[in-house]
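Here come two complexes built around chain A, the first alongside chain B, the second alongside chain C.
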Partner chain A sequence: MADVIEAGAARADAPPPAADAPRGGARAGRAGRATPYLFLAPYLLLFGVFGLLPILLGLWLSVHQWDFQLPNRPFVGLDNYKELFSSDSAVYGDWWQSVRATAIFTVFAVPLLVVVPLGLALLLNRSFPGRTFFRAIYFAPYVLGVAVIGLLWRFLLDANLGLVNRIAGMVGLPADTPWVTAVPWAWVSLVGVTVWWTSGFNAVIYLAGLQDIPQELYEAAKVDGASAWERFRHVTLPGLRPVLLFVITTTVLASANVFGQSFLITQGAPGTETRTVVWFIVEEGLRDNDAGRAAAMSIVFALMLAVVSIANFRLFRYRED
Partner chain B sequence: MMQNEMSRRRLLGLGLGLGAAASLTLAGCGGDDDSSGPAAGNGGKDYTGPKVDLKLWNGFTGGDGDIFKALVNQFNTEHQNIAVSIATYQWEDYYNKLPGAASSGAGPDIAVMHMDQLATFAARGVITELDDVAKTLELSEGDFAPTVWKGGLYNSKRYGIPLDMHPLGFYYNKGVMQKAGLDPNKPPTTKDEYTAALTELKKSGVQGFWVSPFQFTGGMTFYSLLHQWGGSVFDAEATKATFNSDQAVEACTWLTDLIKQGHSPANVGQDADYLAFKSGKNAFNWNGIWQINDLKKSPDIQWGVAPLPQIGTQPAAWANSHNFTIVKQRANDANKVSAAKVFINWLSQHSLDWAKGGQVPARKAVRDSADFKALAEVNALAPELEYAAFPPAAPGLGEVMTTFYNSFNEAALGKKSPKQALDDGVTKANKQLEDNRKKYGS
Partner chain C sequence: MTTPTRAPAPAPADAPATGRAPGGALRRTALYATLVALALVFLLPLLWMVITSLKTYTGAQQIPPTWLPDPISGYGYEQILNNSANPVLRWFANSMLAATAHALLVVATASMAAYALARMRFRGRGVLFALIVGTLFIPPTSLIIPNFLIVDELNWIDTLSVVIVPGAASAFGVFFLRQFFLSLPRELEEAAVLDGANQWQIFWKVVLPLSRPALATLVVLSFLTNWNDFLWPIFVLFSPETLTLPPGLGLLQGSYVTDYPVIMAGAVLASVPVLILFVLAQRHIIQGVSRSGLKG
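Up next is the complex of A and B:
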């Protein structure tokens, strides 16, 4: 509608073409064509320097044995990639262990991080006394840095000294659960802490989405005799679809990039079972100075995430059809 | 026409990026050239040139940081023509940051570095040789403990001047010992005494010695025991991992058996062993010398510290050492290098003050002084210098040591038997060592 009005207005206000001013007209036309590029220029520059170039550099690194301090940075072709897939290389075991750890975390964390904040948002969207207080409470943990929540929960979850086992003991549950040193408990802890920590953020996004759904739709549904579940199913969920797509995509990517939680809370224990991909790439590239291998890992990992993201978009598109 | 201009603009953008990449590559090469030979001056006796500013990086983020800063301030007031400024980072960040900073010219002139990092940074051309400093200052093995002095070498060349050494010590909680009927002034020193003490503690309901599965401090405890049994982590040339030897398995089993026998809980978390010690939940903790100052801040706990008990066939203790190194510069400034040497020498001589930060000075004269002996707790660990098990000098060992500590982690958490965990670790470590050989060509 806006387009129509503007077009009409432009037509109405447009001065008659000045036959005697071809140069001015040409200049305006040129500037008009350049405008979008001028707007794009800062972004293209930034994208080129900080997006495209690092990607190209990463590809370049990944086909070399690259330690920027050593005089020899021999070209090794696809060796860095091959060793990720051949079981007798030094990194094979650690690499797939880290992929497995990341996958486990993502598979368990994402559904919870999509559903729990939605429930929270639905509750916080109702009007009741103290609503703002609860909104603040549930958002509060997200404000804390990963170092803070990592240390906090490492002590709370400590098997022998921690408060969690102490409380479990008081209510008659086993008081010696190894929350951070044995699987599957370590995964329960990591996922649980992450849900506690980041639910507030997704909930805020959902809240914004919920408030965008026109109230009339609910009223109309009520008039038609729809139950609360039916209103949720046929009004709320469709209304939230773009928000859901956003939340799911960003949550999958954020979960796949998990690093700080396991680095601080479980420290990879037991053994290297909870060491994630990003952590392992950081170790290889920055601590062990094997930038080539780390670059190859990053690229393989990025491809894996791309596949997941595309599948995710596909899924939502089909639903829309 | 516009299109052309646009692509020029884009080209410009790309050009900037490529330029940055090129200078990065150049910077990388800067680290390679070996033009910074022995500098002018007399290797560190004094410095009389024009005023220079020196940047010094270190990782002393704890209580030791303040003492270090005070020492540097003192140096600055005593030397009109040298101004040392300090930057402090977490050790881990520090080691990640240093190579890039050094090769781009933004690095420090002097860097404090752990002994086990020297070989890696020397092989990667980040730090420079210091043989002439040692020669001019007439420093030799006799001035230090031989183990610490030799640790500063890589390929028979000196890269580090040792400042201190920090071993693992044996902390005992006197209050808990007393309650269990043990003499709090006679901490156990042998295997038999140790197990007897643990048995007494168990009778009074105390799990006496918590076995941590993590590098801090269980891994370091295992490292010490492995050497006590006469084993080693690597062979002499650090070309093969040997931490699945019979001795290693025996040492590891002794520790994991403590868990089975109920002297330690299972699944001890990071720092839980030390927190339990401080709160009187256990009696013994093998921990770094750096905890002395922390314990001094806790007036409620009665504690003592002694050399590690001898559980295996010979005494041994994990230890590491802080070393001074001089960072290679892109533009070689002989004045800065000689001023840096003066600083290193001065601080090494003043390491008594450093000892107050909770470290054993590397310099023998300082260790033998009455003033050092007055620092009772730190002095108690000085004898360990004779048999301290320092990490071997080979580039790229950090990664392999992580594998070592992870193997112990699996054993201590009961995921694998000690033999299985160590065998698996050695298989992986040998592959990593082979990779390192290819990379560093040693």
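Up next is the complex of A and C:
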């Protein structure tokens, strides 16, 4: 998940050709022309086959009718794409429902995953004994996989046997909430579990950002009589802007790619209401054997995410000016 | 102690980001009360997983659920360890093998490539680096269908290669290590050149030993990611002998439906190695996360 935005940071330090080969002549003898390519070869082999080839193959698939069971894979132009946008096609309803499910999840998860971890980070940024210990505890769920998280919460959220309803009953709330089988509860569950699972990750990123804000700024603000809230508003938030951009962008992308939680916890229920885009794409491509259509969906999906990310970058850049 | 299991309260609004200790015993108490309450929110579900794994079948079926296993039972673990239909130990071994091989493959290929990109001059370096970094922008899930066809063509479906190799083309690994290599002092390399070392010797004897923290971080992060991967293996592995733990757990849930001690025992088994790894390498993991996010 974190992979995506590294690239953003990458541009900031476009490779300065640096002081390579200070003594060109002496060095050239030792590093033959082929040397760099030999160092790169193992990686490039992997990157070519599993990084670049899939991109090209995906584009190719998306304009063909590619069925595992068919002997021929006829060229169909943009038909796979048109289907996704014409309301009389067989796939239209399910496709847009999965887009809707993904959008609902993202719209509710992202604000919480931006704000809650910020609260955690502010709490952990104070100096007190045991800080590292608490930081580790809040981060711990993140190191577990979605399979474990999914099974665990499916159980915790079970309407009868689950701990969540048990605790709800103890504090005087309804003890029979159908957390995984009815909306809106299914959405509350999916978002809540994801916040619990991944908040520690974003909190760590915020913490690193907080430590980069010069302490003098806070002291100057104090001298000027700024309240705690004013210091947060005028020193902390502006200082965190690049970090916020990173957190928001990666969180949007990760949320839009949600799959395991709904696959395991709500199992798409009720009906297929919580079935997400990623789930629908792999089902279409691998279960229903229509790789061409699934490839077209993947490309439309990737473009949607690109638009959101670009909008996000723009929004932040304008604010900075 | 009762704690709502969701929506941790945001930090108190008066918490400034200064590193200052809060004044006064009252504030200190409030701080620790908040910290402990939040810790319970994060830990209680994990404790519940362990507690349930130690219950009997009927013990886990009680309504309302009991807080402690009575009696403490090895039932869940016995079920998953002596089970020929769901060979959980085999899945555990497969996961261990796959994640280890994957992590080593990532660090080997990425470190060599990153070294060339950081320290050598050659035609096409800029374009190549841009291409590698560019793929970071493409959501990996959107390449799943073509990747499936490629591994199918290689006859890798339902073998461990399929979870070891394809994901090892790590653009993140190359980027991360390249940044680290750029930060290393050049003087040591120059000294090695004067001593007559070739590029491979410099890489192997000078650069890699100096880069242990970065290499360890990448190994740990790659291991964690591979160990936890779920979406890809559920579609490319299917024989009981070749499954890794995450898809295996799904199968376990299917076979035992509501036998929670068994399912939770499986979940504990899948969690223990990564939790141990986390405790041992906590500093590396947390630094790796924050550095990969920001400093690049």
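Note that in this section the second predicted complex is superposed on the first by the 265 of 321 C-alpha atoms of A that agree within 3 Å, B and C clash if a C-alpha of one lies under 4 Å from a C-alpha of the other, contacts with A are read in each partner's own complex, and residues count from 1 in each chain.
Keep this in mind: contacts are C-beta pairs under 8 Å (C-beta built on N, C-alpha and C of every residue); 3 or more make two chains touch, one makes a residue touch a chain.
These numbers come from a predicted model, not from an experiment.
Q: Scan A:Leu44 for contacts with chain B and chain C and give back first, second, both or neither.
A: Both chain B and chain C are touched by A:Leu44.
Q: Once chain A of both complexes is superposed, is A:Thr35 in touch with chain B (first), chain C (second), both, or neither?
A: second
Q: Chain B or chain C: which reaches more residues on chain A?
A: After superposing on chain A, more of chain A is contacted by C.
Q: Thinking of the overlay built on chain A, is A:Asn289 touched by chain B (first), by chain C (second), by both, or by neither?
A: A:Asn289 sits against chain B, while chain C stays out of touch.
Q: For A:Gly209, decide between first (touching chain B), second (touching chain C), both and neither.
A: In the superposed model, A:Gly209 contacts chain C only, not chain B.
Q: On the A-aligned overlay, A:Ala269 touches which partner chain: chain B = first, chain C = second, or both, or neither?
A: Once the two structures are laid over each other on A, A:Ala269 reaches chain B alone.
Q: For A:Asn125, decide between first (touching chain B), second (touching chain C), both and neither.
A: second
Q: After the superposition on A, what does A:Leu53 contact: first (chain B), second (chain C), both or neither?
A: Touch status of A:Leu53: both partners.
Q: Quick check on the output: what are the common chain A residues between the chain B footprint and the chain C footprint?
A: 30, 33, 37, 44, 49, 52-53, 57, 154, 160-162, 286
Q: Can you tell me which positions in chain B touch chain A when the two form their complex?
A: 2, 5-6, 9-10, 13-14, 16-18, 20-21, 24, 28-29, 31-32, 92, 95-96, 99-100, 103, 123-126, 210, 213-214, 265-270, 272, 275-276, 279, 281, 396, 398-399, 402, 406-407, 409-410, 413, 415, 421, 428, 431-432, 434-435, 438-441
Q: Looking at the complex, which residues from chain A come into contact with chain B?
A: For chain A paired with chain B, touching residues are 30, 33-34, 37, 41, 44-45, 48-49, 52-53, 57, 65, 67-72, 88-90, 93-94, 154, 157-162, 176, 178, 180-182, 267-272, 283, 286-290.
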